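Shared between the two complexes below is chain A, which pairs with chain B and chain C, respectively.
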Partner chain A sequence: MTATTEIQAPALNDSLLDSVRRDYFSSVGRTILTLVCLALILSALWFLVNWGLVNAVWFGTPEDCHKAAGACWAVITDRYRLIFFGLYPYEEQWRSALACLAILATVILSCVPFFWSAKRLPVLWALGYGLFYFLMKGGVFGMPVVLETQWGGLALTVFVFSSTVVIGMPLAIVLALLRRSRLPVVSTVTALFIDGIRSLPLLSILFTAAIILPLTLPGFLVGDKLYRVIIGAAVFFAVYQAEIIRSGIQSLPAGQEEAATALGLNYWQTISRIVLPQAFRFALPPTINQVVIAFMETALIVILGFFEITASGNAAFSTGGWKPFHTEVYSFVALIYFVFTYSLSMYGSYLERSMKLGLR
Partner chain B sequence: MTFSFGNRKQRDILLQAVFLAVILTMLLIAVMTTRRNLEIQGLSVGWSFLNYATGSSIVFSLIDYDLDSSFARALLVGFINTLFLGTISVSLAVLLGTVIGTARLSSHKLVKSIAGVYVQIFRNIPLILQAFFWYAIFVNFPSPRQAIAVQGGFFISNRGIFFPMFNIEAWYLLAAIALFIIGSVISVTVARRTGRGSSLVGILISLALACIIGYAGRLADTPLFDMPQPKGLRFLGGGTMTPELGSAIVAIALFGASYVAEIVRAGFLSIPAGLIEAAHALGLGNWHIFWRIRLPLMIRRILPTMTNQIIWLMKATTIGIAIGFPDYFGVVANSINHSGQTISLIFLLIIGFWAINMTISFTMNAINRALALPGHKK
Partner chain C sequence: MTTSALAIEVDGLCKYYGAHQVLHGVNLTVKPGEKIVVCGPSGSGKSTLIRCLNKLEEHQQGRIRVLGTELNDEIDNINEIRREVGMVFQHFNLFPHLTVLENCVLAPMLVRKIDRKTAEEQAMTYLERVKIPQKAKNYPGELSGGQQQRVAIARALCMKPEIMLFDEPTSALDPEMISEVLDVMIQLAQGGMTMVCVTHEMGFARKVADRVIFMDQGKIVEDAPPADFFDNPQHERSKLFLSQILGH
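On to the complex of A and B.
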């Protein structure tokens, strides 16, 4: 017989002090960990508040900033129009701002379940995207024409992003359906195409679209460099999205498609009324993730010489004596990306949680 | 035999033939147009250009390269650079990501929230912006004259970070390191599998062999181990990490770690609670449960996802071009500018990345098979 020790039942109502002691100071190791974490958090906060708020310069010239110890937000307040709108004509920049808001509203409305139908969502995007394009380009309602070469900053980022999604999403559905085709030649060729593109870096696709396509396309198809790059980004988005949709379709029970066939629905009815609506439900969280990635990857076009928000940020501090204040500009641009991507990915994980509840 | 559209078999064949014909026509038009456009520019598609001298310099190279070197040599330099940058930054990303992913599930709320903040910040900012940010930090270090000296012979300056280094030819050094790692892994595995002998003996033998290889590859007329010495605007001796390489490594490692952390976290969460409860019931301590139960199971569960992630991060090394690190893509792009041999070079680009992807997925699948637990089919 071995001696037994009696284990006490945990106290029913432990006080705040008890739970703090248990969570943070129950052993030597835990105490050290707590102290290290506290030191880390406090010093980071101390630095951020001092650098970013207390000692920061909000308005003024580079000279004012050199005197101060903190952040130089003056570069932002001085140059924010360049960062947001690039080289868009100064008097017309309100159009650029409105256009960005139109896309923002479209993205937010797309998150409302009311719009999740095969009819409403395309209409919503066509409206939002069309509004963006006409506001930016002008030529109607007395707005002067502004060519794509003058678009820049946040507006260009938003344009490339929304075009990528608008072109890429239908393409992804087509690719996913082709890859699932009953016909072996069709599915093999599509699979080769999808896996081939997936194995390449996005940058090389964009580079090919910008530099190589003019060589390989007949003259009338070449088009503007910006649109070729957008097509490249859309194809890259589509091959990833196609795999997401395909796995969504595969997670449907086979009985769904069989039942549809048994009821006498033809291929298009089965796909559009039975398969895709359910597949998108499964595919929604990874789709949102893919959209977030597509948004961040628009930043790559800076390498091809486009004046999107990363490039306009670079331009904002490279002249006029603002050179030392790159950290402030990059933080500001990063914040713009962060607000959008963080809220979208939070929404994605909220959806994932609520869908798990439904399936449990 | 007559054709009828109502006959499913015949209709399928017709549809596939049409599909194939459309694709082939498009390819044919592309090839013909390209040929005509190249003729207009006076270029012919071929491989002979690979032997011509590039006449351009490459700022970072692990092998001998100068202005007279051929395009083939330049491409090799770029390919090695991509492998070099990729191996270092992806390994760092996996290590850091595993630690942070584990921390995200810590019972200690402060540790958990610090890890959470890290993941959210680095995941939600574009990699290229992060690369710009770190590059700006690296090139704004003090000049070599006022370099920050760190204990142990390290110097931080805007020309790069200088550190003590063996004076050994790169290939010998790499071979020695690889031999040591492979030898140690084999001896640990053998000792585990057979249950006999100590793995320490094997590790010591591989260390000795590595030392012999390293000694054989030492550079003539220099001491074996060298500290960097400040001399004017340069440093003599030791090793250098250029700002381009340094900021690319930091950016990819920190960005990649946030993605790896999420995979690791999901891997831990997917372990059935019953296994952990069983371990508790058997009287294992928290430490043992982590090292013997949770970690091994997590690694097996995440391997397929991790393979895709590693391939993705390898492709992400192409952002090096934005901050001036000459990776494979950068060298290909540069060679296109200098030689005009667009088609051949793009073909080589595709082959290069395809080879890297294949190697990674082959290796990871081999690891996956070797680690798979008998009877644990997913």
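On to the complex of A and C.
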């Protein structure tokens, strides 16, 4: 016992100051490098604090901003409703806000393990999306109808993103299972489909969904452009996610399916209770990654004339003399993206930690 | 289910992997309550034979009847047989994402449609029987090999099977853990379970087996009570095999 304490003793005495000195100031070269970097960081911080906080204008007109040296957050406080809700009718924007909350609540609840069952998850999604749809579209309970073409801003971004994942994830599971089917025709056709879509850029798929499909589909199948684009994005998400799930299934210890079969479980019971729960644990890091990418890619629908959050941000500064203050608007939009993607990654690493418990 | 005096009837069983024939016309009958030990050199087809008995492997020729039910392509028959036949594997194959208790209640709840409370009570009695009730809430990864194999036996027993198949249940275990698993199997044999065990534990075979079956190159070479098989083997190949595993 005494021997171990003697060995550990120096490490325990190593204070923060000592380790900083050792890591950053142990030689002349290191000291110079450390000081230069420190100076750069401090001056950047100095500028940001001055620009973004000290000298910033929080409320007012473009003229007030021109007089000040700092950031013009007044454009946000003045135009935030345009950024968040796009062209949605002004008096009805509370509906868009509620709808957005409904989708966010659905997404957050979907992250709670209690809802991870084939019975609860569909009910949750049906409720969340039903609520979103009726709030956004109206036409019931005396709410005036608002067409999809007027939907925009954060509500649209969140809706497109979550629908992509909610439709794409089950589709990915089906594709992954079909690809490992024992029937050669089924697995080959699925593989061709997956590899075919994966070799196309997302943009071309979105264009096809938005512009070409209506020319080829019978009228009653066309639907609104929004839904076609969501389906296109979901298929694109699904083919990548299918490969992620498939590799997760391949990491399963040998004999798991056999043990389940020998116990008398049928195919679906084996897949849903034994194979997928383990495959998702293995595939969690790339899955979270794919979901984050799907969120970023919602910005692409701008090109098809949708008014999602980058487009409504654009609109926020392009009129009323706010034009010089695009940096502030884009910083704000970037902050919103950051909040979403960062919480997704935090959730991912939380899941990874909690699931390690059950897989040692 | 037609009643039959036999637990297992195998008649002219042939099994191929592609063009490679692994079982060459195997005949075997097992009466209810009988304990059979299957041994033989590596690659002789022991695993393949017992895996055909619950259709983990598909056979190409011959007939297999288990508890009077013909093992053919009918999914109902296959399911019925799998419900009544428990299997224990060399590498345990516990479900690592489920606790010991969940491992034990999963199949009874899904396949036998027993409610959770009854299934858990029943699982605890079997876990007590294999002397590991204190680990019910642990995950398999937190258990030693011997403990995992005992849980695997309890998991199979929770389905209340008529027949238990064992495929080298102790050969992945450290020597000091072998006896705790064999003790459970001996206790099970004494309780009257019909058992087919692929194993090279000759002490176990002498103690509980009614018959020892020696396989070589996909055929049953010798089928005899353990006393005869060990003290007076009839065939050259059995003699060679016995001298190899008992000899040194």
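In this section, the second predicted complex is superposed on the first by the 336 of 360 C-alpha atoms of A that agree within 3 Å, B and C clash if a C-alpha of one lies under 4 Å from a C-alpha of the other, contacts with A are read in each partner's own complex, and residues count from 1 in each chain.
Note that in this section a residue touches a chain if its C-beta (ideal position, glycine included) is under 8 Å from a C-beta of that chain, and two chains touch if they have at least 3 such contacts.
Please read these numbers as outputs of a predicted model, since none were measured by experiment.
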{"item": "More chain A residues in contact [chain B versus chain C]", "value": "B"}
{"item": "Partner chain(s) touched by A:203 [first = chain B, second = chain C, both, neither]", "value": "first"}
{"item": "Partner chain(s) touched by A:281 [first = chain B, second = chain C, both, neither]", "value": "second"}
{"item": "Which of chain B and chain C A:224 touches, first, second, both or neither", "value": "neither"}
{"item": "Which superposed partner A:18 touches (first chain B, second chain C, both, neither)", "value": "neither"}
{"item": "Touched partner set for A:261, first chain B, second chain C, both or neither", "value": "second"}
{"item": "Touching partner for A:189 - first (chain B), second (chain C), both, neither", "value": "first"}
{"item": "Touching both chain C and chain B, counted on chain A across the two superposed complexes", "value": "none"}
{"item": "Chain A-touching residues of chain B, taken from the complex the two chains share", "value": "12, 15-16, 19-20, 23, 29-31, 33-34, 37-38, 107-111, 114, 120-121, 123-130, 132-133, 136-137, 140, 311, 315-316, 318-319, 321-322, 329, 333, 336, 342-343, 346, 349-350, 353-354, 357"}
{"item": "Complex contact set, residues of chain C against chain A", "value": "54, 56, 79, 82-83, 85-87, 89, 91, 93-98, 106-107, 110-111, 139, 141-142, 155-156, 159"}
{"item": "Chain C-facing residues of chain A, complex", "value": "253-256, 258-266, 269, 273-274, 277-278, 281, 357-360"}
{"item": "Chain A residues within the chain B interface of the complex", "value": "23-24, 30, 33-34, 37-38, 40-41, 182-186, 189, 196, 199-204, 207-208, 211-212, 214-218, 292, 296-297, 299-300, 302-303, 310, 314, 324, 326-327, 330, 333-334, 337-338, 341-342, 345"}
